[in-house]
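Order of writing sets the chain letters: A, B and C. Residues in each chain are counted from 1.
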């Protein structure tokens, strides 16, 4: 039976007989106490016990289509090379020379035949093996100095990595669930139309929490043209009166699309296993407003060359998120990937990648500005909100406040996080876990 | 009987049986040991036990003349809203939303009908009560989520706040003493002609110490046109020979003005209760050099519309300072307020506010540059000196040095500070306190 | 018998019965564990136990030729004035006023008749004695407030300082060894042609390690025109095949120059006492490639006015380095001094000084750009490599890696450093020390 990731088990406090009081006394339904968001100590634990122990989203395969193509993923003091090796496999290595520790690749992305250290020219293959080290003593054994490997797993064109020796064991299961949703969109054969890096002035958890509810969507007027702000309201909740008209449109659009989805054999049911497993996630297919085709101001296509062979433009969106650091939206014409990279307690990188069909031609099939403008402005609006949250929480006057009903995914993210730090996630899940069976 | 402020009593070390050796061994007549000025630990204690436990100067009422007008005061991680409420009362609230902690008002000043959180639109009245929170569960009780209040007290147009639950009890007494000096100048009915924020690269205590002596006034050639550098020398001290001529002018000007002050019924005696009470202060009325009317290069008025009904231009200056964070000068034509806001161990904000009569017209009654240039340049000179002091004290080669006789108010400030950290200030003061009776 | 420097003996951990595990378990032949390079704790120990306990290189006498000329040397929070006093002696004082601690001289270099504090005009002679302090109490004794002195020693025009009360006792011995190499080049009578300050984004030890090997010299194409990359390879090592041709040229050039050196009576033997004494060092005279005269692209002179009376342009280079913070190269026409000043765990200042004969005229005898361009670009290349090393080592994936044979001086520097922290250096050295006799 799968246990705690080993890295987490080795980390300073997990498994200690007396976890810190913040962990023990967390009150359900409320935001976390301030130290989780602002202290150096909890940031270090987050890096060690969350980002170095769990599967994290690293890149799209479309970013590294050819052998030698690589991206680097750098969070806190760690840097990882994700590279397609000469055998066309995706690999990941720690970006640290085995000689005197120099960082090897300093560009965020590129292509290279070998990985050469700029310091003393130690040279590694794309598979991480040391192939050249000049002027060594006769007993020097190159095979002892391969790059330190990082576990990697691709799911429907998405690349996940895990720095732990014993990664959470539930990723295959997750892949089984989400691939039917993702595969029709052929992300592995897409190309990157644009990628942006936005540094937000707030803790990474505030970035995730911001994304896990649409209670704040009034701050996103551009997005709201096509994104139903009914997201997050369950059928049993009283819907705020201001959302009445939009709820009617949402129900009508859903009804229309369900018949399309069913005809095309596209799964669309919401599956949410947010805080009950090591790799918490949710996935669903949802209708969109207006033309319902894409994230544009009127909902019509942003790219006329579709990123699917289904021949249907109005498919709504597949949306997925995975704890701790990613979410995505895919429409018929493009994919939108978001990764969350912690840099410091109060600095978080949000990397956004727009994918289109590899044969789509800029200026012919899509206008880059039209493709990206809605989420560009939405990202900046969210960055402002995250900074407000971080600066307010830093005050000793802050006390955890109550989540409303539509913020249930924020609560679930916080639950997942606290349980991860407590080491409570296991796989396969214990039979007595009431939320543990997902099928 | 009033005791220690509760916040101070709860703070990490106050009341501990064994205070740190720096507190115990402070040598009278010398500058403080280096850690008080440069360490993170003492900065945290200063924020908790001084700035969050004592009355601090926040703003002039003239900055918020109408209901809904506000300023924000932000020091270290705290931010406070000072706002005139709909009932025309000055109130102060912690600038933290009760929902998920977002900072509410981000501008340094402004005017608003309600306090609306930009994150999820939770809305508070100017009195701090939560008036709107969308889409909550049926049992949600708005009355439980008012903004956390901060105590506020106005004295003759000056707004003081205290973050402690039990503020020092001597502010009413202080008000009784200083209001007769301040009230003739009608600060509450003034308007802000200009406000500047200058970040000095030094500890806040070095900013205060810099202001508490004129031994360094040789570095202020512009100010010295009208400011007698005899300030700080007592009659019994040997006056340095270089100050002989200026002392003669000072005595003559004082003699002339005392008769004016007495005729107009203006109190002018120096009252200094600097280190004997929770809210240490000093106030006096002093003559000025040259024309003696205002802080200009020749001492003539900077604003022809006087900020008093006394009909007399040559009144010298009322000067007051209050531990830990303010001083002011008021002449017949304008008021000059200084507040000291700690940002980091080595960063301090000095906010300077020039007040003139609300009916004074820029370009007609006053030229803004002439009004502000003397103290603008003086502030910048002081910022340079504070930075020199901070960078030198940071060296392990620094040892506390001796205060000269004219630096007695620096010594008193340091005394007040050490006694505050030790929790030795009480009110009403114990009978055996030799300096405790101020009347 | 000389012991540990007193400052080191007083420092937090030296002499403790249980040194930290990193010190005990350092594996020979490998780079240091990461905390030595990246942690605040070890940086503080380096400042206290290395830079405040050992002799460090401060300046060239040529930087302060006249009485009143000074430079300031500032590392971490310390600042030192190195000044030529009115009696023409080189002195060093802590750059801290004895009154309220202000930093006295803020320029990196200059000339002054007296040292006047900008704050309250306390005035010190160039010898550090307090000569003026206005308005003090009658019992004030100026003789108690001299500037705190720093030990200083000049060797052949180089100024070394030591902040410890009991500096390492071996500097006279070192002077006896190195002066015969240096004196023919008359550095004390040179002038500064140019001085550059480059802040490298890495730990100071990585800067030193970078300089202690030429294994990385492939990254220095400009330097390699005249600098034989055979440096660091011993005769018994297998030379990498790529270095075969250059080794032949090196041997021929050396053979030619040895006869010149011997004819002129110039010592040239390599003396390396790198890790066996408190003040570890090495010195040698070596041939250079191409014209062999100077650090130019073709090896011809950069300055036609020689910095020696020997009348010979092709002398190769005298090279010396001294633990912990300097190295130099001197050719017949100019001297090149490098000092390493730690600013933060990941920030190091490298100050480079080009010296030419005091009568050399810019534009006539030398072109400044031609004189400085090779090492300017080499310094920038090294800064890039140091930053790569620091950022990689900061990763938890870093493990100490093996030094190759040609990196023996890096190993020796690390050995010296670890022994210094352990307090193992003594002088005169114990008889049983196998490497302890240097003649």
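Here is the rule we go by: contacts are C-beta pairs under 8 Å (C-beta built on N, C-alpha and C of every residue); 3 or more make two chains touch, one makes a residue touch a chain.
Because the structure is a prediction, the values reported are computed rather than measured.
A.B. asks: In this assembly, which chains make contact with chain B and also with chain C?
C.D. replies: Chains touching both chain B and chain C: A.
A.B. asks: Taking all residue numbers at the chain A/chain B interface, are over half used by both copies (same) or under half (different)?
C.D. replies: Shared-number fraction below one half, so different.
A.B. asks: What angle, rounded to the nearest 5°, describes the rotation that places the Cα atoms of chain A on chain C?
C.D. replies: For the C-alpha superposition of chain A onto chain C, the angle is 120 degrees.
A.B. asks: With chain centres defined as C-alpha means, what is the inter-centre distance between chain A and chain B in Å?
C.D. replies: Here chain A and chain B have centroids separated by 49 Å.
A.B. asks: Please name which positions on chain C make contact with chain A in the complex.
C.D. replies: Those in contact with chain A are residues 31, 34, 38, 209, 215-216, 218-219, 233, 237-238, 240, 242, 384-385, 388-389, 391-406.
A.B. asks: Where on chain C does chain B make contact in their complex?
C.D. replies: The touching residues are 52, 77-79, 94-104, 106, 118-121, 133-138, 140, 145, 148.
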